[in-house]
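Think of it as A, B and C in the order they're written, each chain with its own count starting at 1.
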Amino acid sequence: MFYTVIDILGTIAFAISGVLVAMDKKMDPFGLFIIAFVTAVGGGTLRDLLIGQTPVFWLTEMFYSYLIIGSSVFAIIFRSKLSVLRKSLFLFDTVGIGLYTIIGIEKGLSVGLHPFICIGLGTMSACFGGVIRDTLCNEIPVIFRQEVYATACILGGVVFFVLSGFNVPQDVALLIGGLVVITARLLAVKFKISLPKVY
Amino acid sequence: MFYTVIDILGTIAFAISGVLVAMDKKMDPFGLFIIAFVTAVGGGTLRDLLIGQTPVFWLTEMFYSYLIIGSSVFAIIFRSKLSVLRKSLFLFDTVGIGLYTIIGIEKGLSVGLHPFICIGLGTMSACFGGVIRDTLCNEIPVIFRQEVYATACILGGVVFFVLSGFNVPQDVALLIGGLVVITARLLAVKFKISLPKVY
Amino acid sequence: MFYTVIDILGTIAFAISGVLVAMDKKMDPFGLFIIAFVTAVGGGTLRDLLIGQTPVFWLTEMFYSYLIIGSSVFAIIFRSKLSVLRKSLFLFDTVGIGLYTIIGIEKGLSVGLHPFICIGLGTMSACFGGVIRDTLCNEIPVIFRQEVYATACILGGVVFFVLSGFNVPQDVALLIGGLVVITARLLAVKFKISLPKVY
């Protein structure tokens, strides 16, 4: 129940972020909707494809399609007023990546993959919707250039496996891991922390 | 037999449209062929991957590879004269998307998916070859910006499910759905109808 | 053992080529690593997805992740000195595509696919990591425009099937096919051979 609420908020935030990027590119309503869709489910779709869990999750859980259609219509109608929601959307997005990281790690564990790969799948679930969004919008993915977004996911994943190593129950470790993702992202944005420059 | 002819015409039209876009980008013969290939089979490939029907269709049905190779060679040799075929290619392309929408819907039904998802898979089968083509050619996909292309597919899909709801036999409903796709696209192009602007 | 050494060298060369392209785009360390990763494993991942061999190879063979992480860190630290390795990297890359072409052909044969499709899968294994790298870096894939890279793979594949047709044992035919890929690429670069222009 708790997780479902976060999943809903995260999906809404991801879908609206897709609509906003697509609007910058002057896409038509169909384009806006598709970009909203891939932003929201793209990361999890790639994860499911790589581990072979098909049909991928959103083909059978209609919940996501309804939410994304609703969010897109909402974002298109209230497009001139979305800036007042900026802070809420940022927060939804942040709790969303915390949850998606956890879901990715869990799925990886369920098919017996190595901890490093599970962290990778978690990060992918949380971040690659945005990568596909930016690629379809003909931009270099923003998370490859500046945002401490993936790094927060990786950090949360590492914390989860360290805790598991100390025999912390999986549920507790996942919850803490997710909170680390969220905290790391909030702190990074607040204090403008970014990865060290290599140039 | 009837469907096979349409499939052949559609594949030729899709492959040649790929060669034309790739030529605008000054690609070499290998690039032209790959873009022709992804344009023709990209949508169906994505559909098969998402529902887990692997090996994907063109790995086992050699028919497509031969057709695409032949169409690419033809398009390269007669590149300066393709404009006389413009109308025929548009027509082939249009009956092609009608058929691919139907095939996508049928495949979705065959694995027991929700009508909305089946319509999405049909639209994807018809339209996402072009999306991958444009992305590889470093362009924002044209169907996200202007063409009433996907909308025609969605409309045909909706008609199919409405007819099915009234107990029209599946074959008849699919045929009518496909004709709706074709008619909607022809009318939209003739009367320059496009989706409402949101800006 | 012999193949493992080539696989290691090829993976290193592919990963470093990814880092170099990503550096041109001023990506941050996370971006550099992801581009290194997709360059190294992207082609094989696409191949595994299309034929339905999931989880894809690098999810279970940790070897690749360690190598790519190591190569990326190395390339970032010694970024100003990588030009002295240019020739070695070119050689590693070339033996790498020879091997990956062979592996792709073998995988295609193991699931009973047509020779043409096997050659396609081999070429894809060797070349599509670079295609995904360039697409994520917002460039038209370089192998679609100039390099005789894919053509070398196709040539090696054809030689393999011709030899098989004359009852040459599969191991020997694969080895010769791989050597043809490597030789064709070396000769093409040395004598600046490219595909005929179509413009």
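For the reader, a short list of remarks on this structure follows.
Definition applied: contacts are C-beta pairs under 8 Å (C-beta built on N, C-alpha and C of every residue); 3 or more make two chains touch, one makes a residue touch a chain.
This one's a predicted model, so the numbers in the text were calculated from it and none came from an experiment.
Rotation angle relating subunit A to subunit B: 120°, from a CA superposition, given to the nearest 5. Taken over every residue number at the interface, the positions common to subunit A and subunit C amount to under half, indicating a different-residue contact. Centre to centre, using the average C-alpha position, subunit A and subunit C are separated by 30 Å. Those residues of subunit C in touch with two or more other chains are numbered 49, 52, 135, 138.
Residues of subunit C touching subunit B in their complex: 49-52, 111, 113-114, 116-117, 120, 131, 135, 138-141, 143-146, 150-151, 194-199. Of all residues in subunit B, those touching subunit C in their complex are 22-23, 25-32, 34-35, 45, 49, 52, 54-56, 59-60, 62, 65, 76, 79, 135-138.
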